[in-house]
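Mind looking over this structure? Questions follow.
First chain written, first letter: the chains are A, B, C and D, and each begins at residue 1.
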Amino acid sequence: MPDNRRVSTSKVATMRDAIADLVRDGNTVAIEGFTHLISFAAGHEIIRQRKRDLTLARLTPDLIYDQMVAGGVARKLIFSWLGNPGVGGLNAIRRRVEAGPVAASGEPALELEEYSHFGMVGRYMAGATNLPFFPLRSYFETDLPRANPLIREIESPYGDGTVYAVPPLKPDVTIIHAQRASAAGDTQVWGLLGCQKEAAFAADRLIVVVEEVVDESIIRADPNRTIIPGLIVDAVVVEPFGAHPSYVQGSYDRDNRFYLDWDPISRDEAATQAWLDEWVYGLAGRAEYVEKLGVERVASLRPGPAPSGVVDYGDYR
Amino acid sequence: MPDNRRVSTSKVATMRDAIADLVRDGNTVAIEGFTHLISFAAGHEIIRQRKRDLTLARLTPDLIYDQMVAGGVARKLIFSWLGNPGVGGLNAIRRRVEAGPVAASGEPALELEEYSHFGMVGRYMAGATNLPFFPLRSYFETDLPRANPLIREIESPYGDGTVYAVPPLKPDVTIIHAQRASAAGDTQVWGLLGCQKEAAFAADRLIVVVEEVVDESIIRADPNRTIIPGLIVDAVVVEPFGAHPSYVQGSYDRDNRFYLDWDPISRDEAATQAWLDEWVYGLAGRAEYVEKLGVERVASLRPGPAPSGVVDYGDYR
Amino acid sequence: MATPRATAFSQSEMMIVAAARELAGQRVCFVGVGLPNIAVNLAKRTVAPDLELVYEAGVFGARPARLPLSIGDPTIVTGATAVTSMFELFAFYLQGGLIDVGFLGAAQVDRFGNINTTVIGDYDAPTTRLPGSGGACEIAINARQVFIIMRQSARSFVEKIDFRTSPGNLGGADNAARIRREQGWLGRGPSVVVTDLGIWHFGDDGEMRLDSLHPGATLEQVRETIGWEPRIADDLAVTPAPTDEELRLIRVELDPGGAYTK
Amino acid sequence: MATPRATAFSQSEMMIVAAARELAGQRVCFVGVGLPNIAVNLAKRTVAPDLELVYEAGVFGARPARLPLSIGDPTIVTGATAVTSMFELFAFYLQGGLIDVGFLGAAQVDRFGNINTTVIGDYDAPTTRLPGSGGACEIAINARQVFIIMRQSARSFVEKIDFRTSPGNLGGADNAARIRREQGWLGRGPSVVVTDLGIWHFGDDGEMRLDSLHPGATLEQVRETIGWEPRIADDLAVTPAPTDEELRLIRVELDPGGAYTK
């Protein structure tokens, strides 16, 4: 049998167009990636375009959601762990939470809906697989189901007791960062996988941001490496270094200095807004951000090589 | 930080020892692998050691369970699709099913417990993850829940209707075939993945049969390729060509001729037993089987090369 | 100018061509091996170039270098876009609602497209033990629509199936639509049955109706190979014969050995 | 022959060494970053060479080339045995019962080892918003046993925690054991609390009991930094000071920058 080429239109778009077209005020948006592959570039573009009233879902809101909350895009968080990993709290978010019903700034308090890590993963899983709930052995004898009445008990139909359930989470838009994709959106990731696949399949619309677009033949040479098919991708955005200050396995390291720097900046509302002016509103996009970061800092984050080795799929004809 | 070497005892064993030590009469045994990586070598050793009263679980019983049933090792099947794929029925099994309560041979009829593919996968998933059930949107308006009362309805705790549930399946022993593993049992697979991971984690004991044992450094060079950690492996059996007449991606092709040949053999009880005498009881193990198959037939099943390419994990220090 | 004489073709070839043409405009198809595989690949080369193929075994975007011999042939893996575990295939792709068309065959079908692939006779003491569901029951429920391909015979097109493995239009369209809605199915059920004799679509009442008779087939043959009084469209068409290009694709590219199309 | 003078050490170093020693005989450990990470790696080099490390981020068999700066540092991936999705990590490894020991820290703990990492004050209008559960609540329920590492203070060792994020021995051992059995938990709850002042184990009634006081710490300090009248073992021991080899491993290999151990 000869070539069976798929006719696929390229989905490559600019970050500006992808965010403008696919993220709408009031949407539920999930920028996923557990410590690895966090699309700061997409988060910044959402701030820059002054989207409003978003519900932001993410296991670990991290610095990117702290910045987005500071930028005024969010009305609610759905999460499982709220912190600056290894450093401390998320100060912009805490200001919007601890102030009580109305924050000092006059903004309404941020609404919180919280789970555990596995609860959030289960929510994406139920969303991705069209299940009305996902069962799990968490939450027994804790105050979490009282704080969040969407965490409910469910009885086993086999008469062996009760477990807990979480409801499906289907983001309007999921955004993930990856090492590479084809122009059609077939996406490959290595290193930590987090819950990107579940969040991607759960979403109504999906933006994949990549370090590089590669020829389809590179994807097809290793199909087990593909975590997301182009079928569910709405836009492929090429944004090298788009995950900084988080990292991309094999491409660059986490910029820990920025995680430390953000703590004092974010403790002060004026300093926070000045940072947003300088690094988000004041820049056209990620290319300018990388330029502003400087070649030296970028170079300092590059790892040495650690090749995976090759496996053979076999040519069967 | 310097080397952090794990002290791990080798789990490498002969097939004879692994089956003798780990498979016990009356056990529930799952030899998994969807069309790909079916451990015929382990099935034959179970026949050769004349294990008895096994419950055999597998999505697609395939030729290997037809042979095992013919060899008298099984009292029950748990399955979702009973056939010789692309050829026809499984005749030894059908003789033990269609004969009614007592087969002509005097053997009791084979007990059947049947699901759909996703139902079987869900059963392994529940077993692997210690859930009392797994929910799925199958079985609506079918006769399957009536035929198998273990398929039960479950109501969503969110008031949006009812789905079906299947109970956990926890095999006493799961056996899988893989391209490679370290001596400690860290196992890598590419090509079709079937439900080997779920069946492996669900099992009390796990035998991994591989084409080759490789140095731990090869596994560690590509950790995303690992589907099973040595932690849950009880024995690593090195048995090249052990999946024949099924196939191993990149190593050999499915031997379709044998799938065709099995149909007339298995239609006749005497021919079936003669085949078992010649190819199972009459041989000491897989090495003799491969020798008997002949170098020409083995060579005819080798594919050309189709390399995966290399990815870079990055050296972070 | 002489009219070109049509090339001779087999009933299997006509079935494949008719099924392929029904795929016009479809996007994502769940592929089984055998006739559906050839039909889908023919459609991709003719009426549906954008068709995406999902194989039950866990392969998306297959580009087989030869005609796959089984649903899990290694040739569908090498060069594919993605390989997933069966859990992910059934959970994310099928139950998740990404499949537009699923193909089913059957040992028995009734007028409403309900399907039996489990047993002939009593479940506990069957005359014939069939393969069972495999993925069929979940395809019938979760694929947006279902195409049925099977040869007609009095044994297979029956008034009452012995076991309902995969639901079709249940007892009729109104009832089926209500039940699907209440139970939250993504599938709308069977939309076409392609046989060796003709093409059946499902009417508003959920019963199959012969809309097109294949060239050479007769209504007498149709009635002889069906266990109920079949509904025949008032404007019964004749299926256009396979074109030379369709036959060339089948014979030269898709099934050069004639394994499925003799 | 002169007795060798003990090398000076910090309270953090003592905590790490004490926690590492508690890991003797353990097999599979769920690792968080910071103090637990150093303790686990120290144990692997001393009392528990066979210890297997599972990182919450989805890594099994990590072999980090440097001290990981976060729970998802790329250095824990390169050279690891296996990387899995978070679903698989939590479902197959943790909920599946493969984890022998999980480490938890806390903002508040009570005498029964129940833990709060969610809020100080009222949930709806908190004085201090803490990180929340993360994976802690499922670790507490599904890890076979839980080790707690935290510094003592009157704010953190409290009579009544403001929010129960992760269950410990609930209201006492009898009650906890019955509830765990009825609900099918795999976990047996907390077994040890290692602080900057001493080592607490849980008695038969499920309440923590000070079994060992670190060198230099006093019972007065213990009472000042705890919100209830603490139970003290009759045969209260003094924790053996860190050995030179333990200190060398921490200072030279595990935390050469002193980030966690100053």
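A few notes on this one:
One rule holds in what follows: a residue touches a chain if its C-beta (ideal position, glycine included) is under 8 Å from a C-beta of that chain, and two chains touch if they have at least 3 such contacts.
Given the structure is predicted, the values throughout are model-derived calculations rather than measurements.
The chains that touch both subunit A and subunit D are B. The minimum number of touch steps linking subunit C to subunit D comes to 2. A count of C-beta contacts for the chain pairs B-C and B-D puts B-C on top. Separating the centre of subunit B from that of subunit C, both taken as means of CA atoms, is a distance of 29 Å.
Our note on geometry: subunit A versus subunit C, Cα centroid distance of 40 Å, whole angstroms. The geometric centre of subunit A is 37 Å away from that of subunit B, both derived from CA atoms. Shared contact sites, meaning residues of subunit B that touch two or more other chains, fall at 130-132, 136-137, 160-161, 190-191, 193, 197, 221, 224, 249, 253, 303, 306, 313-317. Residue positions of subunit C touching 2 or more other chains, listed in rising order: 59, 73-74, 77-79, 83, 91, 95, 142, 184. In terms of inter-chain touching, the protein chains here follow a pattern that is not a line, ring, star or complete graph. Chain pairs recorded as touching, per the definition above, are A-B, A-C, A-D, B-C, B-D.
Residues 130-137, 152-154, 156-158, 160-161, 163, 165, 167, 179, 188, 190-191, 193, 218, 221-222, 224-225, 249-251, 253, 303-317 of subunit A are the ones touching subunit B in the complex. Within the complex, the subunit A residues that touch subunit D are 34-36, 59-60, 79-83, 85-86, 89, 93-94, 97-98, 100-101, 114-118, 121, 125, 136-144, 147, 160-162, 190-195, 197-198, 247, 249, 253-254, 256, 259, 303, 306. Here subunit A touches subunit C in the complex through residues 1-8, 128-132, 186, 197, 201, 216, 219-221, 223-224, 226-232, 313-317, going by the rule given at the top. By the touch criterion stated above, subunit D contacts subunit B in their complex at residues 28, 41, 44, 49-50, 52, 59-67, 73-75, 77-83, 88, 91-92, 95-98, 142, 184, 186, 253-254.
Per the touch definition, subunit C reaches subunit B in the complex via residues 33-34, 56-59, 69-74, 77-79, 83-87, 90-91, 94-95, 118, 123, 125-138, 141-142, 163-167, 170, 179, 182-185.
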